[in-house]
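Shared between the two complexes below is chain A, which has chain B as its partner in the first and chain C in the second.
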Partner chain A sequence: MLGDIGTLVLQGTMISAVYALIAIGFTMIFGVGGTLNLAHGALIMGGAYVFALLSRSVHAAVAFPVTIAVIALLSWGLYQVLVRWVEENVVITFLATVVVAIASTEFVLYQFGGSPIGMTLISGAVNLEPYGINARTRYVQFVGFVVSWLAIGLLWYYITHTDDGRSVLAASMSERGAQLTGVDLHAVRSKTWLIAGALAGTAGVILGSTGGATPLMWLNPLALAFIIVVIGGIGSIKGSVIAAYVIGFLEQFTVTFVGHGFRGILSLVVLVVFLLYMPQGLYGREFAHD
Partner chain B sequence: MPNKDNNILGTGRSGKGRVGRRKFLGAAGAGALTTTVAGCLGGGGSDGLTIGHLAPMGNVLGVGSKRTAEMAVEELNEDGGFNGEEAELITKDTRTDPSEAQSVTEELIQQENVDLLVGTFNSETTQSILDLTSEFDVPFMITGSAAPSLITDSVGSDYEQYKNVFRIGPINSDFQAESIADYCAYLNERHDWSRVAFLRDQAEWTTPFGDQIPDLLSERGLELVYEDALSIEGTDFGPVMSDINDSDADFVLRFFAHIDGGDMLTRWQEGQYEFGIEGVHVPGMHPSYNQLYSGAATYETTSQSGAAGVTPITERTQPFVESYAERYQDAEDAPIQAPMYMGFNTYDGISVFKEVVDAMGTTSTRDNLDDFVGEMLDVDFTGVAGQVSFYGEGSEYPHDVQEERGGDDTITNYPVTQWVSETELECVYPEQHRTADHQMPTWMQ
Partner chain C sequence: MISTILLLGTVLATVTGRLGDAAGTVRQQLLLPIGQALDRLLAPIDRGLEPAANAYNRSLGRYFGTMSGLQFALIVGSVVALLTAGVWAPMVGPLVGGGLLRTLALASIWAIFAMSWDIQSGYTGYISFGHSVLSGAAGYTTALLIVHVDPGLSIWVTASVSVLAALVVGLLVALPTLRLEGPYFSLITFVAVLLFYRLTTAFSSLGGIPGFGQPDVFTWDPVMRYYYMAIPMLLIALGLTFMARSNLGMILVAIRENESAVSAAGINPTKFKIWSFALSSIPMGIGGVLLVGFTGNVDPDTFVIVDNSIEMIAMAVIGGMSSILGPLGGAFLFEFLNHQLFHGYSTPVRYLFLWGLVLLVLVFARDGLFRMIWHRLGAVGGESE
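Here is the complex of A and B:
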């Protein structure tokens, strides 16, 4: 029984770390610009494919950071070329990013076909059975966990301890207030897209290395990001991290005690409960100003 | 308090529901129109013999099927034609979307006046066009879907209405279940593997397996130690592997078509789990699958009609695969070495069609449906995936392809292949087609 709990905690922790990576970028963009970036999943997919391509020719340790940089730039470019011109209108932004997501699927289909592509960030696994935990965890999952917390830590430091980061935080609290204190909103939004892109790229590499890349792999992460962000409170990074763990563990509970076919059901029930009774989420702010 | 006024958060501007909605509808309409029109490009009316081919073209399986249809039509046109007539082939992309399938089928029937429809992959798509084909009396040869209900709920329940429907292959899931259970008995005989963990897609096509496999296994002295259906919307294989490991199974019998088993296979190889991975894995039938996953699929098996062309199932199998490879070796898109199972069946379907219209003495199949059905039921054709003949009106599965049985009464036309290296496959079952014995993963030997 103790071993079962150990297994559940380990697997819940591993998957939740990846979920947090998926959701933070999405929530940051919403918090700062009020934009629902539906191309967030496409950027994650981009991370997986770019890494798959790069890792064929260079070592994974080189391909990983390069992929993050490429996706960060792509995300920044998406903001500069498209989103900044339409972000004033929520519906148009919503549609424009959906179109980007769908176009990216078509592009990937055209370029790589519909078959899954596997990739290796790091190979091998550790058998934890001698320690009473029924799991043979892959090294790539440990990497995912470490990278996730590293990213969360860096982001937290950036947001709370640097002027640059504090301007992002200020913009997410109150744009008018931020502007009054001399924050350049456009620059802040550009930076947010860059950071969100880097996080999406990281998530893409981890997802691609665990399950392979396919042209529709962006759908599930996007749906997850939505659920996590609603539960955590729209715009709250802390909320997203906590909600990612809530969802990750809920899923583990469901598959352990109910069955693998019911994996996502409980999360959806929780989502509905939140929407009905706590629409601001765990750490959402009330939008009193403006 | 939530954003009740629909304000654009943080911009200081007020909600604009009306304009937004109108724009939204306009944009959504434009999007819908674009996607609809995209499916309608190409093709024109035709008076001659026209064959309509339906497949999901975003899938290698559909690409392979389209190529074999082209091969068959070209070869048979050169070889005297269909009752002396040259056929024209039109392929339409059904995606895996029933409504898209309906719209392209309607176009093929109404505008292109097709004399034969061949193809369709997932059972939900096939199901969605059965009524359309029967309403217009268009002969329809299923070459990619295995659900028994496609036959039993149509031609099996109202013969007169649905007599235009035939299945060329694969054998239906009821027969597949029996064949797979016999394969499990072979594994038990060979490796002393008696404990089975049974996993499947949570989807329509695996229902017959879910119903039958437990009994079929126990009849053969095998023990079912774990059973679950996995969500096709995304599964984390970590806990799945832990559960299987916990059950002390000798092998996993899994039925995946929607789920890509790559994650499972990588965990299996890296974690060196002590069980085999057997059954049906549609993504794993991709000729380059094991390369795409850098060898993670080595030692996994899958059943597939035609056995990927690695063994002479009939004397026509290997010449067919060689000619396919020669034709498409320089093609940009996979599959280039061999089509996947649907391609074998589509090729056989069009070949059978030629036999039938030659015997009928006319290519007007829609006006002579009873003659067509009569000739089809007389067919005993040596194809590339096996011997093709159909069950008649009174049987349990009318117009379904008959299973072939060997000396010991076990089904032989649902062969099993095993990856033995990144690029090589062997046929491991049944005995009649075997090119190598089934191998245990090295870490278990």
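Here is the complex of A and C:
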């Protein structure tokens, strides 16, 4: 029992860190552009596949940053080529990004086939049996945890301590207000997509290293991002991080004590409760309508 | 880094701007004259057909919308073509890859899905990513009844219980979520599909991945099978068009355009959103039952997966959202391209083409192809619709 709790805490902490990475990019794009980017999961999948390809020829330490850069550019390209032309219509943006996501599955199936592709960012695992925790935690999970907090820290610094970052924050609070103070909205949105892409790429590499890359791996992260963002409050980065930990622990709890098949169900119950009684989420605010 | 990217963006923007100019020139020099020539060619035909259309407009126009001569001809022609497909499709089929009747039957089922999606999502603007849950509920109910209750149950019993199940599941999804405004509804429906999929694969009593093979197909005769699918489809199209053209449809569109205005007019939008979802669940259930009768197998891959929900959306988008008949045409076009024209390619390539097409329609022709054709035909006579 005590061992179970130890496992729960450890695994929950690791998983939640990755969930936070997944959700932040999603919430940022929603906060700034009012766009729900349903292709966010596809970018995560892209991260896994690009890393799998690169790590065949170069060392993982090189492939990791290159992957992040590639996915950031892909995300930026998605915005420039497709989303910016339709973003004024929420419904069309919705549909366009989800079609991109589905098409990416077909592309991956066509290019790599349906079987999972294994990859490792860093191999090996640490055995915690002597300490009473019955799980072999892999080094990748530790790396994921560290990278996640590194990314969150950098993002926090960028958003709160640089002019560039503060303009992103301003645009997410009130578009008109930001424009009146001389913020170039288009540039801010482009930057947001770039950052969200980098975060998605990072998450993709870590998810791929723990579970392998498959053509449908974008679905679950996307659903998780939804749930986390609603609970945390749409557009709030702090809320997303906290909600990621809530959901991560909740899922780990169900897996440990209830059973694997019920993994998402408890999260969904929490989601519905939040939607009914607290639709603004933990740290959400009313949008400043102009 | 950022500045180079921004520079690239500027370059890209200018290039696309130029492209826009070029498109404008093409429109001026090429498309406009063609359109005018077509107008001149078609206008006499339109006038010739006017009396028939007017007779219809006077009698039924109130219920299903008025049409010009050409539009009337298009509708009558399509209905006749669909009703006589059992005769001409086996002859035309070999020219387009064979198996045309099967494709048409499948397209009929998908047309039901696309139209049902449209009356809810297209009209109210509350996009559902989870409509496959509704058809899935119907399909699984049929299978469970046959497996666990009595294999000899008549189709009338299983079908009506299944449609009821779809309605119940629809209300379960709609009641808590449709009170909310904005994107939450879409998110919930999306998560609902994933959850339903997980349930079907996690519990062996729900058949797991292989699903249930026990339900029988309606018939093996391709001609009969086609009519089993096409006639309910036409009836549903009729019913939904009637609903969409009534006051109900007007309120649904008003919800999409300005929900607070609807509230301000003393109409409860939530009530009507739930109505539209219920209205959409019933044909979804019928479609689910037909799909069981078509495949004879109920499994997550044919019934539940998210791709199914997105596919019906794609059909509706290609045809033109919020027009009922647009999604019908979209479904036939989609399935025809998928199973006949792109017949020789592997599945991923076919779908890549199709999703590409959907994206093009979304960006360049938001109203959809069939709605575009429809309005063009309506404008031939000189008056724009």
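Just so it is clear, the second predicted complex is superposed on the first by the 286 of 290 C-alpha atoms of A that agree within 3 Å, B and C clash if a C-alpha of one lies under 4 Å from a C-alpha of the other, contacts with A are read in each partner's own complex, and residues count from 1 in each chain.
Throughout what follows, a residue touches a chain if its C-beta (ideal position, glycine included) is under 8 Å from a C-beta of that chain, and two chains touch if they have at least 3 such contacts.
These numbers come from a predicted model, not from an experiment.
Chemist: Would you mind checking whether chain B and chain C clash or fit side by side on chain A after the superposition?
Modeler: clash
Chemist: Go through the superposed model and pick first if A:N220 touches only chain B, second if only chain C, both, or neither.
Modeler: In the superposed model, A:N220 contacts both chain B and chain C.
Chemist: If you stack the two complexes on chain A, which partner ends up touching A:G264: first (chain B), second (chain C), both, or neither?
Modeler: After superposition on chain A, A:G264 lies in contact with both partners, chain B and chain C.
Chemist: Which partner does A:L95 reach: the first (chain B), the second (chain C), both, or neither?
Modeler: So A:L95 meets both chain B and chain C here.
Chemist: Just chain B (first), just chain C (second), both, or neither: which does A:G33 touch?
Modeler: A:G33: touches chain B, not chain C.
Chemist: Is A:L194 touching anything from chain B or chain C once the two structures are fitted on A? First, second, both or neither.
Modeler: Second partner only.
Chemist: More residues of chain A are touched by which chain, chain B or chain C?
Modeler: Looking at chain A, the partner in contact with more of its residues is B.
Chemist: If we overlay the two complexes on their shared chain A, which of chain B and chain C does A:I117 touch? Say first, second, both or neither.
Modeler: first
Chemist: Using the touch definition from the top, say if A:T13 reaches chain B (first), chain C (second), both or neither.
Modeler: neither
Chemist: Counting only touches as set out at the top, which of chain B and chain C does A:E251 meet: first, second, both, neither?
Modeler: first
Chemist: Which residues would you name on chain A as touching chain B in one complex and chain C in the other?
Modeler: On chain A, the residues that contact chain B in one structure and chain C in the other are 89-92, 94-95, 99, 109, 220, 260-264, 279.
Chemist: Show me the residue ranges of chain A that touch chain C in the complex, using the header's touch definition.
Modeler: My answer: residues 36, 73, 76, 80, 82, 85-86, 89-92, 94-96, 98-100, 102-103, 105-107, 109-110, 164, 187, 190-191, 194, 219-220, 222-223, 226-227, 230, 260-265, 268, 271-272, 275-276, 279.
Chemist: If we count contacts the way the header does, which residues on chain A are in touch with chain B in the complex?
Modeler: Going through chain A, the ones touching chain B are 7, 11, 14-15, 32-34, 88-92, 94-95, 99, 109, 113-118, 120, 123-125, 127, 129, 134-139, 141, 171-172, 174-176, 210-212, 214-215, 220, 251-252, 255-256, 259-264, 279-280, 286-288, 290.
Chemist: Flag every residue of chain B that touches chain A in the complex, lowest number first.
Modeler: Where chain B meets chain A, its residues are 1-3, 7-13, 16, 20-21, 23-24, 27-28, 31, 58-60, 202, 228-231, 233-236, 238-243, 245-246, 260, 262-263, 266-267, 270-273, 283, 286, 288-289, 292-294, 296, 333-334.
Chemist: Along chain C, where are the residues that touch chain A in the complex?
Modeler: 2, 5-6, 9, 12-13, 125, 127, 129, 176-177, 179-180, 183-184, 186-188, 190-191, 194-195, 198, 202-203, 306-307, 310, 313-314, 317, 346-349, 351-352, 355-356, 358-359, 362-363, 366
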